[in-house]
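Both complexes below contain chain A, partnered by chain B and then by chain C.
Right, the complex of A and B next:
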């Protein structure tokens, strides 16, 4: 609390107007230490963002950055392309089901684990349910490609066969394939959501429950009227993260259906559409235009979900 | 007296225990479903009879138990090479990303230089940009620089680890600034203060970053798919993916499952040892975001 650090502090913060643009040694040090971050952000985030915007207005052939200016033609082409709309609707379909089922199942699971009084068991279940989360998308897809084997040899088809159901072409029937992807991603992502929910459940103040108990509320009503409202920010966070993740689906659909999004284009997603146009057809302009559309869609969805949360808050 | 206190307790406990038992059974059943894919992967991977097609009906023990499946997998798919490559890529990215995050987090928290808030805001706002949008210009940038098929294409973008910066800054904020002031008064250089005074206190946040980065880089597929052209440079994910992509999915079950098992061993081993820390790190990263 001596006068030295204080005097130093005012110089550092530019308290005196005259010194505003004079960099002290401390400032230089700050920029030196932050240099890797600043260079990284500028070169690998800011620059590519503007380069993508620039490219989206150009018709490119081959791998050169400079093409011919075509204005909004790439956007127009994408918005008039039935494959783009198919990709978008597939992505929405799979994303929606993954998010809704993922949140519902993981919240129930987290509530169950949280109610378990057996400490060792709680940690054990956390670890087991979380395990698929460290498994890569490639390994998950390979595992499920055999679990979901289209003929009676597949494990899932064998199990449903015991109940007299005919084998289902999980990844080969265009009607079923998107839902199989949803089931697969549910297995992979369940643990992550559960862990976040568990952390949230432990943060609910005890006295809220105690007060409700005094009023005669049972377990179920405490869950419905205290836990769920209290965890709303976490639900919104999950919705946002799940939506963003769902909109970026690529690895699993690419590995199962290739760049055509087979079976029958039912697994064509937006990122697959971008990848296919950029790296197979060398249509970098079109691909970057679609990537901007994807960014806009994600942004709009995120903002909508945030607003949804705020409106509900003000109603309460 | 003490007698009433003792007799009071078991009553609610006994009433709860039936619920608790049902709960435990339900959770065990659920965990069994969760690990079935792994069990099935292991059984198939050791079954020589399943090298061309899945055996029917599903077995709870391999029909022809053998490790020849792994031999075939390791000769057809260069697993050792790919795992080595993945280790190289992960180690480099972890080193560069966490160093960048720690240095910038320290500067933003303790140096409070002019424009620090702008730097932080800029870095955090770029976290909103989806990688899928910047990947094409990034790819073209690396191809202009002649760095396609080069691990620098992983190491250089690793400098941009804004989330790590955010975590590190929040961590440094909790550490007292008086440590730095005292060291500076003693004439210590800024980097010495960082590396000798603060870095030893940072092990929890370093562990978190290493875990998150390792899982992210080891399991990543899209960027390696764009960057890596020659099979000798493949990471484990891309090696595995390309093998199945070229041979067709659903082919050679036990060979693919053996390769998948091998690809999971490093991650699962890390998970078994650091399970508690991994779960804590993920929960932390989720809450902080």
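Right, the complex of A and C next:
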């Protein structure tokens, strides 16, 4: 944690003093105060991660977590399972649309709110758009299951019926259901994303805009060439967090489509696949193997997104 | 002015508190005088899934209900004054994970839980056999429980059927219920006492469309298209003799799968045709919100409980609805179907076995089942449930169905059934409902191949 003061008791090696570490009383006190957190992380985060990895190489039955060693069998089984690939494809589809539309809408919304001259109105809209974020996922899903009721009794179908459109099977048509889920998740997440963008927008230096105005730039050009590039770190953050969140989609699809991911398996996601195997079939070994596959996929996606951002940095 | 407002608020508060406070003079023992039974000492930790501990109000009927704490104060604590109870209430949501943690950490002695969870815990070696306790306790009569669920259920018996690990406490209600009014409107013969799938399908088809009398849209049939345990599918497999598999859950790896048999083809053909009849939302368990009530537009509901009709009767004494919605047996050859049983079980490492047994016996016994039925409409598991009201024909029918019930391998205790078969069937139903049902033989061949692969992957 700390080294001895330079020169005191240290050997000079190649002209540079060699730092010799020795615990002092202050170091021990530091460790003592950090211990609860370190122990917490070790016990509740690091240990479960390694235990899960260990378990993924075992065939477990129920709560007998130290089952038979099966090597890569669980991984092979999952990778050869068509349902796993279907789940992955559905997860990507819903995740992609959620991230793209989520970022686009919340950025546009934040820009609109940020441009409001009336401070009270700005706070009002911030609060209004943030409200869905405090509603639990379960409540949101229940609400939308009634809004998106598949017959003409459903509110949305009733409204579109006024324009002569036939009722849509929002959650019952396999072609439509994933997009209905995306719409539902947009409603829930829009407020949070908007607040983050709004904070970013308010941090853009005013003098950049003033300089652009002197050069004759209009509102659109300022938005395109100053606001958007300045907010790139926030876009990257949203992209990464959105991707991670999208890959972990579970509550809404489970509540709507049950364990089959109805209709027609279109709402089957990777985490639902994990849940099915872990908690319905008690196959923890298989479930942890798929968890690690998901972890790897998320890791690769995140690294790619970060590399993409770094490459852009170098071009700048 | 301030004083007046304060005075009004004080009155409002006083009246609200008075109105909301529950009376505690209700009799929970049905007039039976409770006396001390034993001086046995001990501490028993009880983990109950979903039981209400405090007094409250029934959300559906508005009637006051007595919580477990008061019930225990007036009964068990008088009978066994030296047994200390530590009761933990666990909500049904994710109950398996929570109770599993309690079992692994040795924090519970007696548990009330879902039948499938109990079965899996028993196979994991976390539960204790009760046979020795039953054998030496002359006051315990296993004969009071329904034969089919006490001796032939994965929820109470070991997979090989030789050991008793659970005592059935609450029964799930799943029966076929039909709306007499809609049958009359359409001029269709009422269902027989034990209608098979063919009779149900034939009559349901006749009652799908515009009601000839009211002009409203009617649906011939309803069942939950995303049921976790696929109970309707189980009843159909019983009806068509499609066993799906042979073997025992004790040796899952050796199970021989017969998922693509001709009998199973018949089950799926039935589902394919029937999927056209319910309201579209049935694939997500929606569309039957009014079944059992005045505005109902569904003729036949499978695996129904009769709960909403009975609640209406209890709250408004509406006998008309009770007469309108008639329960019949499930679809199996003897009227059987899938029967859910929630048992009481004992942890393998229960701290005080003798005291735990007394608690388990009491909580699954006649008096507690009567208390649960009267306050929470829980369906009893007793042969002679004399406390069931004469009007409650749904509970009576559920008991009849349970009496002929038996567990097969198409059951939630079977891990592959839960992880793959039930979801696959639900997926098939939703595809059939949207008019895109896959080729049945190919679908079943795929399922069979997945099952074989799954078994082969086991060591």
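Just so we're on the same page, the second predicted complex is superposed on the first by the 291 of 316 C-alpha atoms of A that agree within 3 Å, B and C clash if a C-alpha of one lies under 4 Å from a C-alpha of the other, contacts with A are read in each partner's own complex, and residues count from 1 in each chain.
By definition in this document, contacts are C-beta pairs under 8 Å (C-beta built on N, C-alpha and C of every residue); 3 or more make two chains touch, one makes a residue touch a chain.
Quick caveat: nothing in here was measured; it's all calculated off a predicted structure.
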| item | value |
| --- | --- |
| Superposed partners chain B and chain C on chain A - clash or fit | clash |
| Which superposed partner A:280 touches (first chain B, second chain C, both, neither) | second |
| Touching partner for A:256 - first (chain B), second (chain C), both, neither | both |
| Which superposed partner A:223 touches (first chain B, second chain C, both, neither) | neither |
| Touched partner set for A:169, first chain B, second chain C, both or neither | second |
| Residues of chain A touched, compared between chain B and chain C (which is higher) | B |
| First, second, both or neither for A:128, with chain B first and chain C second | first |
| First (chain B), second (chain C), both or neither touched by A:59 | second |
| Which of chain B and chain C A:48 touches, first, second, both or neither | first |
| Chain B versus chain C as contact partner of A:68, first or second or both or neither | second |
| First, second, both or neither for A:144, with chain B first and chain C second | first |
| Stretch in clash, chain C with chain B, out of 97-105, 187-195, 349-357 or 403-411 | 97-105 |
| Common interface positions of chain A, toward chain B and toward chain C | 63, 145, 149-150, 171, 256, 258, 279 |
| Residues on chain A engaged by chain C in the complex (per definition of touch) | 59, 61-64, 68, 70, 73-74, 77, 80-81, 83, 145, 149-151, 169, 171-174, 256-265, 276-277, 279-283 |
| Residues of chain A touching chain B in the complex | 5, 12-14, 23, 26-34, 36-41, 43-49, 51-52, 55, 63, 65, 109, 112-113, 115-118, 121, 123, 125-139, 142-147, 149-150, 152-155, 158, 171, 187, 190, 192, 195-196, 198-199, 237, 241, 244, 248, 250-251, 255-256, 258, 271, 274-275, 278-279, 284, 287-288, 291-292, 294-295, 298-299 |
| In the complex with chain A, residue positions of chain B that touch it | 16, 20, 23-24, 26-27, 30-31, 34-38, 40-41, 44, 53-58, 96, 99-101, 103-104, 106-108, 111-116, 119, 122-123, 126, 128-141, 143-144, 156-162, 165, 181, 190, 194, 215, 218-219, 221-222, 226, 237, 240-241, 244-245, 249-250, 253, 256-257, 260, 263-264, 267-268, 270-271, 275-276, 278-279, 282-283, 286-287, 289 |
| List of chain C residues in touch with chain A within their complex | 96-97, 100, 103-104, 120-121, 123-126, 225-228, 252, 279-281, 283-287, 415-416, 418-420, 422-427, 429-431, 433-434, 436, 450, 453-454, 457-459 |
